[in-house]
Amino acid sequence: MQLSKLKLVTIIADDSLRHLLEEHITELGAKGYTVSHVEGKGKTGSRDSAWSGENVKIETIVPDVVCDRIISKIANQFFPSYAVIVYISDVEVLRSTHFR
Amino acid sequence: MTSLLSPMVLSFGLGMIAARLRSDLKFPDSLYTSLTIYLMVAIGMKGGYKLSVTPLPEIIVPLLAAIALSAVIPLWCYWLSRRVGKFDRYNAAALAAHYGSVSAVTFSAALAFQDTLNISHEGFMPGLLAIMEIPAILIAIGLTRMSRSNGESESVVPLREILKELLVGKGSVLLVGFLAIGFVSGHHGWEQVSPLFDMPFKGVLTLFLLEAGLVAGRKISDLKQRGFFLIAFGILMPIAHAALGIWLGKLAGLSQGGAAILGILAASASYIAAPAACRVALPEANPSYYLTSSLAVTFPFNLAIGIPLYHYMASVIF
Amino acid sequence: MTSLLSPMVLSFGLGMIAARLRSDLKFPDSLYTSLTIYLMVAIGMKGGYKLSVTPLPEIIVPLLAAIALSAVIPLWCYWLSRRVGKFDRYNAAALAAHYGSVSAVTFSAALAFQDTLNISHEGFMPGLLAIMEIPAILIAIGLTRMSRSNGESESVVPLREILKELLVGKGSVLLVGFLAIGFVSGHHGWEQVSPLFDMPFKGVLTLFLLEAGLVAGRKISDLKQRGFFLIAFGILMPIAHAALGIWLGKLAGLSQGGAAILGILAASASYIAAPAACRVALPEANPSYYLTSSLAVTFPFNLAIGIPLYHYMASVIF
Amino acid sequence: MTSLLSPMVLSFGLGMIAARLRSDLKFPDSLYTSLTIYLMVAIGMKGGYKLSVTPLPEIIVPLLAAIALSAVIPLWCYWLSRRVGKFDRYNAAALAAHYGSVSAVTFSAALAFQDTLNISHEGFMPGLLAIMEIPAILIAIGLTRMSRSNGESESVVPLREILKELLVGKGSVLLVGFLAIGFVSGHHGWEQVSPLFDMPFKGVLTLFLLEAGLVAGRKISDLKQRGFFLIAFGILMPIAHAALGIWLGKLAGLSQGGAAILGILAASASYIAAPAACRVALPEANPSYYLTSSLAVTFPFNLAIGIPLYHYMASVIF
Amino acid sequence: MQLSKLKLVTIIADDSLRHLLEEHITELGAKGYTVSHVEGKGKTGSRDSAWSGENVKIETIVPDVVCDRIISKIANQFFPSYAVIVYISDVEVLRSTHFR
Amino acid sequence: MQLSKLKLVTIIADDSLRHLLEEHITELGAKGYTVSHVEGKGKTGSRDSAWSGENVKIETIVPDVVCDRIISKIANQFFPSYAVIVYISDVEVLRSTHFR
């Protein structure tokens, strides 16, 4: 089985930023992404119901270069005003062509 | 008094108590969303039907009055929050957006109130509800952007984008859409759907208010910060806005019931459209100010005291 | 017979069959939760309304009878599960908690049954339902804690914490809360909400029982382990408890319909409050024992055979 | 005309417009699922009740007609999609499955239409709906498997597995199950549940169609690819199938209203059972073909134009 | 605290494959798994509502050998026809006996 | 872009333990967390509906020292009686100050 190393970028942000973020990561080269509805608590308080707004978790598996582009985009455009967190982990995938 | 003892108001109170007692009672999010959709469809449809069976009343002048109200209310709300409340411009703008915009649920409670007391109003009222949702939000966001110093980094979303999203937001779409559907499908259409959209309306509202009470109860503890200003603001402004609304409504030729509703709209604070817009366009503002004052102060006040009070004010003004 | 052929009972049966056939039919979790909220609000509200329009009957003695029932039932259930069922103390306590507590849905089915046959009962019955939910659970948990050997590590949650959570659990809050709301808002309030909370009640119950049947059907295969004891326990205990309940109800001065309901409450096994409490306070107990016997044995038995049987027993005792 | 202006049709239109305008209006998934369950329970239950109160009409011949329809329709749909549409065998089979199977919501809209115009039909129609759901799907999948070249790798799921899953799929279980429940529980049972399953039916359908419109509106942009064929196919085939269905219905001894319904069933395209089966059994097929033509072309056409048109065709044929 | 290294295998696939996949991974030696309902977009388009079908994310923590078995099973049986993605990451657990 | 290494601690447990766990991890130094509703199967059977109880997945990104505190707390207080699993993975974040 041929495994390749790629990056898994995880973004947690307000639901209302979902479409914007999806567009950005697609433009920057991600070939796909997976979205979950999550609740959360952080510096900006609890986000746990439709009233206070909810979070989404967007996960995308990408090559290193796309990973860099995504995190710098988010750092520049979203960090200044929005409560967004991003983290990166190493994953191995089969069929790496699917993600390039 | 009867109003205070209606299942609707009591159910809101029960929700608040349950939340204070840290009950595990919680509505699934999708139930909340479903009830919201139901209320807006029902309000729109019934308004449209009523328009279709009564001679079309003069609508232009009341419409202008409604727009005027939602254009000026945010101005002084912003000013007061800045000067008296000492809020930064983001939080002041968020408060202005909320109190200039309107609440569909307060409107529903007013409908239930009038229905119980056999007070009538013009059928196009849901149209005013729809029209008053958006302008204040835009104006408030505009205010912050105008007053920003040049060097500051700014949020990613341009104003026209926000306008576009508000215009096709679910509130506008459902209210305007079903107003039209109710109007076009007329008496015959209404008969087909009224067993769902009319008869159980107050029951659904009772359930919704239980959930609203739960959320309001949880928010109350956020009033520790700046609570005094927020409570005063959240009670006095609605009374002033109601008076203004009723008076403008009378000038605009509305019936007494209609003018009371316009007053209630002016007095109500948004907690669907405005919070959603603020999360995107004013992310720097703190929800524990705007959401708390709107949901935990103004909403219960309007529900329990405001609605009967404003009707009394209308009877004095008329 | 009519009872067996009611849409409610048949719908439960359909759910069981569908689950056995491994159908993909599944209710969204939020629909299940919404239906649960509806049923408890509706039961509470109607009971409160009935109390408000009839002269207040003697309630203290029936209340004490109800409390007594839920205090003693867990004792022999625990003892029997330990001695005869050979369960460890955690599983015995969980069974005791479930059979001592009550089921709001069995109660709903009993209401529908009496409504169909025009049998009447006291309006405060939902209050007994609320009061009987909690004591047995506490007593059962207390039993395990008492009998623990000293060295054993124990769960993190203290008993008073559990009591607090039960008292403000959604069952208690909704039942007691809406009993009060129904009582306070009276005939006028009831008229406003009965199109939602009264008329479609049996239809909603039919849907709920479909889902209950689906879950019960899936649980049946868990009966392979200790099935014989669980089936015997899950059928014989309810009959005994019903007899005791009806007899106590008569002594306490309830009407024949009311005593039958008290019997049904005693006979019913919890599957909302008790499982939730056991997951926290008795995590060592195995849900395939307590949930299976409560949901896949006792509930269908009560629904299809128990309710008419207990009414017959009531007519004999009275 | 009245049909075009019914709240149901208008609500679908509103949904489409809202989706085109990129509104954020969205139904929670669990609301969609709940409404689907409601519609199928209501259709089944009412059909069963009607059967229980009218002398049992001849059912065998119409049943055979329905099966024949759903066995032959996929054949020419497959052939046309391959030859004229130039689709590969997976996509052709998926289209054949969808147009050979049926739509419970189109059926519901037809019921609402007939109810409004006081047209009557045989009570066993929901049975035909249930029976017509499955055969076409199996035949279409069978067609692809037959025509596969030997070396090709094939999906993991055997045909008999698929048949089993379809037979116990939620559509079949709810329709057949509640047809039986409605029949067995008769007039008395119907009275108990009709406030939920009969009176609000058209209102619920209005809500459901709003959501269907939203989804259809989003799918329209998928018509860029092969749009011309899909639009032509999605309008002409239903008309042809309707004519065939009405004619067969007449031969089979159905009333005019019943034959019109059979025509509508033949004309309708599935978007619950068939897409689900295709995702498992024909994963190579592209949903932007089959789902788009079924949901964004055929469904709106049937709803707005087809249903009245087919009734007109029935009046000509009879 | 004794930490052991294990593999976290994540599978994203159409909801309708859920039971099949669950059976496979159990047979191949996984002692448990966790399932989330997610939405997604990839080569085969958007999967984001009950109409178009939704995805599930199945996560299972397993020893290396079971991990290998699972990914080769999925590569052979599901990759040819289905839109399934799989990725592997390293995790550390307490009580590794729970997962063996 | 300055990336820092932190730990991602993932806890899967019965829904009813959610508030207790949230309080614990906040007390032990986590600055935030993200919660998802998940279903699962393991040694204690299926947990996949409101009837049988559902699981939550709590994810928190923390410095190593907080990570150690959290896992030893859970190992001591929850492992003896409750069906809880915990695992740790390495992640890289921007703005590590957000998590300290």
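Of note:
Each chain carries a letter (A, B, C, D, E and F) given by its place in the written order, and its residues are counted from 1.
As a convention for this text, a contact is a pair of C-beta atoms (placed from the backbone, for glycine too) under 8 Å apart; a residue touches a chain by one contact, two chains touch by 3 or more.
These numbers were taken from a predicted model, which means no experiment stands behind them.
Here the chain-to-chain distance from chain B to chain F, counted in touching steps, is 2.
Taking the definition of touch as given, a chain qualifies here only if it contacts chain A and chain E alike; those chains are F.
The chain with its Cα centre farthest from the Cα centre of chain E is B. Set against the C-alpha centre of chain F, every other chain centre is closer than that of D.
Two copies of one chain, chain B and chain C, form a contact in which under half of the residue numbers belong to both partners.
Centroids of chain C and chain E (each the mean of its C-alpha atoms) stand 39 Å apart. Taking each chain's centre as the average of its CA atoms, chain A and chain B sit 35 Å apart. Taking each chain's centre as the mean of its C-alpha atoms, chain A lies 20 Å from chain F. Each chain gets a centre from the mean of its Cα atoms; for chain B and chain E, those two points are 46 Å apart. Of all residues in chain B, those touching 2 or more other chains are 28-30, 33, 200, listed in ascending order.
Shared contact sites, meaning residues of chain F that touch two or more other chains, fall at 36, 89-90.
Every pair of chains that touch is listed here: A-B, A-E, A-F, B-C, B-D, C-D, C-F, D-E, E-F. Remark: chain D residues 28-30, 33-34, 37-38, 41, 45, 165, 168-170, 173-174, 177-178, 180-182, 184-186, 188-189, 192-197, 200 touch chain C in the complex. Across the complex, chain A is touched by residues 10, 12, 36-43, 48, 55, 57, 68, 71-72, 74-75, 79, 85-90 of chain E. Of all residues in chain C, only 2, 5-8, 10-11, 14, 17-18, 21-31, 112, 116, 199-200, 202-204, 206-207, 210 touch chain D in the complex they form. Those residues of chain C lying in contact with chain F across their complex are 29, 32-33, 153-157, 215, 271, 275-276, 279-280, 283-284, 286-288, 291, 295.
Residues 14, 16-17, 20, 44-45, 49-54, 77-78, 80-83 of chain E touch chain D in their complex.
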